[in-house]
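In what comes next, subunit A is part of two complexes: it sits with subunit B in the first one and with subunit C in the second one.
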Partner chain A sequence: MEIGLQEVSFAYQVAGRQLPVLENINLKVSPGDFLAITGAGGSGKSTLAMLMAGLLEPTAGRVTLDGQPARGRGKGKGLAPWQRVGMVFQQPEQQLFAETVAEDVAFGPRNLGLGGARLEARVKAALRAVGLDPQTVGGRSPFTLSGGQQRRVAIAGILAMEPEVLILDEPTAGLDPAGREQVVNVIRAFYRRPGKAVVLISHNMAEVAELAREVIVLHRGRVALQGTPRDIFRQGEALRSYGLIPPPLTSLMQVLRRQGAPVPLDVLTLAEARDAILAWLGV
Partner chain B sequence: MIEVQGVTFSYPGTTVPALENISLIIKPGEFLAITGPNGSGKSTLARLLNGLLRPGEGRVLVDGLDTGDEASLVDIRRRVGMVFQDPDNQLVAATVEDDVAFGLENLGLPPAEIRQRVAAALEVVELANLRTRPPHRLSGGQKQRLALAGVLAMEPRYLVLDEATAMLDPVAREEILQKVLELRREKGLAVILITHLMEEAALAERVLVLKAGQILLAGPPAEVMQQEEKLAAAGLKVPVTVALGKGLRQAGLKLPANLVTVEEMARALWKLASRK
Partner chain C sequence: MLIELGQYIPGTSSIHHLDPRSKLLGLLLYGIALLAAPTGMAASLTGATILPVIILAGLAPAFIWRQLRPLIVFLLIIFIFQVAFTPGEVMAAVGPVRITREGLNYGLLALARVFFLVLAAAVLMATTDPLALADGLERLLRPGQRLGLPAGELALMLTLALRFVPTLLEEAERIMRAQVARGATFQGNQIKNLMPLVIPLFVSAFRRAEGLAEAMEARAYRGGQGRTRMRELHFRAADYIFLLLAGLLAAGSAYYRLRFGS
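Showing the complex of A and B:
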C-alpha cells in the first residue's frame, strides 16, 4: 500500500474565517518506508497524520492510495482501501472502553466482519505482538493495567486490523523509560515484517534518530526540512527555530563545535559521540 | 514550607498502598524534581500536596495548614497551584481570558484586580494575542500554557507541575520551564516538577526518586544520577550525558563523575582539551 499526498492543503473554519493548517504538502509513503514527521506544537503534524489516515479530507490537492484518488474514510466507495492504514492516536488508552482487554482488541476486527476462531486468533496475535500474554492479560479489565500496558492494548487493537501502514501520533509521550522502550520495540517489530510501512509523528528527536529512515520537519504547516535523520541533525541550531531541540548528544556536539572543537554534528549514538570526543582529544 | 509527615495512602479497593510512610519537607522557593516509573506514586504524592487527596496515615502541612482540615482547603489550594498533563480537564470557559479569570472570580477579587492579573498571567505564558480565542481551538501546547496561566493568576507560593509538559514539543517545554523558573527567581515561587525525563529532573536543586510508593533516592542531581543500577532497577535511565561520561572514563579520560547536563559535560571536556 502506497499513500500519496499531492499539493495537499488543509484549513479549519473558525467563526467564518479560514485557519490554514497545512499548505502544499507533497509526500509518498511506500512499503518498507519509515517516515518520521516532526515539528513544533501547532505545526500541523497531527492534522497531516489524520489526512494520511483518511480521517480528514484535504481542502485542496489530493490523497491517493496505490495511485488511486481516495476520498476520506466512510465517504465515496466505502472503507475498503483505508482498512489497510491503521492510525494510533495520541494517548489512545483514553479510548479503551471494553470490560476485558481481549474484547477491546476484538472491537476493530469484529467491525470488519470477523468472528469465531479467526477473530480469536487475530486478538491473540495482536496481544503477543505488543508483548502482552493473551492468557494472563486477555481476561482482565484494561483499567487494572499500568499506563504503558494500557497503551500497548490500544495499539494491539489497531494491529488486530492487520494494517499495512501504521501511523502513530506521539506513541510514547507520557510513558516512563521502560514503557517507552516497550512501545518502541512494538513499532520496530511491526516495521520488520515484509511490506509494512510506518509513519511516526514525534517531537522526541532521540526517538526519531533511533527509528526513522526519513524525516520531515513541519513548520507552520509547510515542509521546512526533509532528509535522513543525519541530514536533519546536521542543521544544528536551525532546528530550534522549528521548535525542535536535537537529542542531548547532538546538543553536546553543537556546543563543543560552537566553541571551536572539530567534532561532527550528525552524531546519533552513544558510541559515535564517545569516538568523536576521543578523536578530538587525541586519545 | 510543605511538610509531608509519615504519609501512607491507599486508593479505595486496593490492598497495596500507593505511597508508604513518606516524609519530606519542601522549602519556600525550592526547585524539587520528583521522578520515578509509572505507578511509583508520583502523581499521588502531587495530589496530596494540595489536599486533592488526604493521607490515610500521617499528615501534610502547607505553611502550617493541615490538608486534613476541611476548613483550610481553600487557603491551601491558593497556596499550592497544580498543572496536570491533560489540560482539557482544567479548561472551563468560552474564551482564553475568561478561563484565566474563572478562578479569580471565585476568590471574590475586585474586577480591576482580576483584569490586571489575567493580563499579567497571559503575558507570562505568551497567550495575550489569543485572549478571545475559544480554548478548544488552541493547540495542545497552547492549552497547557493556558492551564498554567490560570494557576499563576492565583499567585501560588508552590507550583506543582505534574507531567505538565509531557505533551509539548521540546522548545515549548523548555520555554515553559524557563518561564516558571524566572517566576521562581523573581517571586520566590517553589517549583515541584513531576517528570520521568531524567534530563529534566537533572535541572532541579534536589531530586526525589520514587519506586513502588517509597523513596528510593533523594539528593542533588549529581549524586542521584550516579546511582545507575538503582535507577535502572526502577525502570529509569540515567541522562545520556551521564552514560557518555562513563564511557569516556572507561576509555581513559580523567572526567569527574558528577557531570549531568550538556553544559557541565562541555565545560569538563574543554578543561581536558586545554591541558593538552
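Showing the complex of A and C:
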C-alpha cells in the first residue's frame, strides 16, 4: 500500500472563516518506509496524520492510495482501501470502551467483517504482538490496567485490523520510560515485517533519530526540512528556529565541535557517539 | 463541529452588550408571551418579535438555520400529530385522517411555541458569553438564597457545564474519529452502536471532573459565600428599554388571551 499526498492543503472552518493548517504538502509513503513527521506544537502534525489516514479530506490537492485518488473514510464507497491504513491516535487508551480487553481489541476486526475462530486468532496475535498475554489479560476490564498497558491494548486494537501502513500520533507521549520502551518495541516489531510501512508523528527527537528512516519537519503548516535523520539533525540551528531541539547526542556533538573537537555532527546512536568520542580522544 | 446548538458568537452588537440578566428575563417574558398566546396565529405573531433582535444582533441566517435544523423533524412530528388527532370542525379528510380547523390551530400553536422558544434560547446563547450568562443567573437567583436555594452552587454548576460543552464536543469528535479509524460507522439506531463513543466520553468526563475539583480545592475554593466578582453587572438604558418591550409583549399577550382567548 502506498499513500501519496499531492499538493495537499487543509484549512479548518471556524465561524465562517478559513483557518489554514497545512499548505502544499507533497509526500509519499511506500512499503518499507519509516517516515517521521515532526514539528513544534501547532505545526499541523496531527492534521497531516488524519489526512494520511483518510479521517479528514484535504481542502485542496489530493490523496492517493496505490496511485488511485481516494476520498475520506466513510465517503462514497471508499472504505475498503483505507482498511489497510491503521491509525493510532494520541492517547489511544482514551478510546477503550469494551468490558474486556479481548472484546475491545476485537472491535476493529469485527467491523471489518471477521468473526469466529479467525477473529479470536487475530485478537490473540495482536495482544501478543504488544507483549500482553491473551490468557491473563484478555478477560480483564481494560480500565483495571496500568496506563502503559492500556495504551498497548489500544495499539493492539489497531494491529488486529492488520494494516499495511501504521500511522501513530505521539504514541509514547505521557508514558513512563518502561512503557515508552515497550511501545517503541511494538513499533519496531511491526516495521520489521515485510511490506509494512510506519508513519510516526512525534516531537521527541531522540525517538525520531532512533527509529525513522526519513524525517519531515513541519513549520507552520509547511514542509520546512525533509531528509534522512542524519541530514536533518546535522542542521541543529535550523531545527531550533523551527521550535525543535536536536536529540541529546546530536547536541553533545555540537558542543564538542564548538570546543574544537573534530567529531561528526550526524550521530544518531549511542554506539556511534562513543566511537566518535573515543576516536577523538585517540583511545 | 458536530453540534452547533447553543454556540456563542462573540460580537459587539447592542444585543451582545445587554446585561445578561436583561436577556434572561427577556427570554422568560418572551416565553410567557408565547405560552399566553391563545391561537396559532397569535403565537406566530408574538414569536416573530424575535426577528428585530436577531437583526440587531447581526446573526447570519445561515447560522440560525444550522441551530434549528436538528429540530425540524421533531417540529414536523408535533405538527402532524396535532393536525391529525384533534377532533373538531372537519376541513378536509384524507382517507381515515381528518384535518380539522382546531387541529390546524393547535398544530400551529405547538409548532410556534417550540420553534420560537428554541430560537430565542439560541439567540440568547449566541449573543451572551457563557460566563456572563452564569453570572446573570446567579444574580437573578440570589433572592432565593433566603429560601435555601443554593444560587452560588447552581451558578457554578451552570458555569462549569457551559465551560465544558465545547471541550466535551471536541472530545466526542476526537473519540469518534478514533473509532471510525477502527471501522466504526455509528449508523443504525441501536444504542449498542453508540457505546464506543459514549463510554470513553463518560470515562474522560469523570476524570476531568475529579481533576477540576482538585484544582479548585488547591486554589482554596470553598463555595460561594462572600465571593466578589471580576465583572460587575450594570443595567443601562438599553436594558430598561429591552425589558420594557419584553414586558409589554408578555402583558399584551396575556391581555389578549383573557379578552379573546378560550
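Simple rule for what comes next: the second predicted complex is superposed on the first by the 282 of 283 C-alpha atoms of A that agree within 3 Å, B and C clash if a C-alpha of one lies under 4 Å from a C-alpha of the other, contacts with A are read in each partner's own complex, and residues count from 1 in each chain.
By our rule, a contact is a pair of C-beta atoms (placed from the backbone, for glycine too) under 8 Å apart; a residue touches a chain by one contact, two chains touch by 3 or more.
Just so you know, these numbers come straight off a predicted model, no measurement behind them.
Once the two complexes are laid over each other on the shared chain, residue contacts for A:Ile232 go to neither subunit B nor subunit C.
Once the two complexes are laid over each other on the shared chain, residue contacts for A:Val130 go to neither subunit B nor subunit C.
Legend: residue contacts after superposition of the two complexes on their common chain; A:Val223 is shown touching neither subunit B nor subunit C. Once the two complexes are laid over each other on the shared chain, residue contacts for A:Pro92 go to subunit C alone; subunit B is not touched. Contacts of A:Leu48 after superposition on the shared chain: neither subunit B nor subunit C is touched.
Touch criterion met: A:Asp176 reaches subunit B, while subunit C stays clear of it. Touching more residues of subunit A than its counterpart among subunit B and subunit C is B. In the superposition on chain A, A:Ala209 contacts neither subunit B nor subunit C. Taken together, the subunit B residues at the contact with subunit A in this complex read 36-39, 85-86, 137, 139-142, 163, 166-172, 174, 196, 198-199, 235-237, 239-241, 243-244, 247-248, 251-253, 262-263, 265-266, 269-270, 272-273, 276. Against subunit A, the residues of subunit C that register as touching in their complex are 9, 60, 174-175, 177-185, 195-200, 203-204. Subunit A makes touch with subunit B in their complex at residues 12, 14, 19, 39-42, 90-91, 146-148, 170, 173-179, 203-206, 240, 243-245, 247-249, 251-252, 255-256, 259, 261, 270-271, 273-274, 277-278, 280-283. Considering their complex, residues 15-16, 50, 53, 55, 73-74, 79, 83, 86-87, 89, 92, 94-98, 107-108, 111-112, 143, 157-158, 161 of subunit A touch subunit C.
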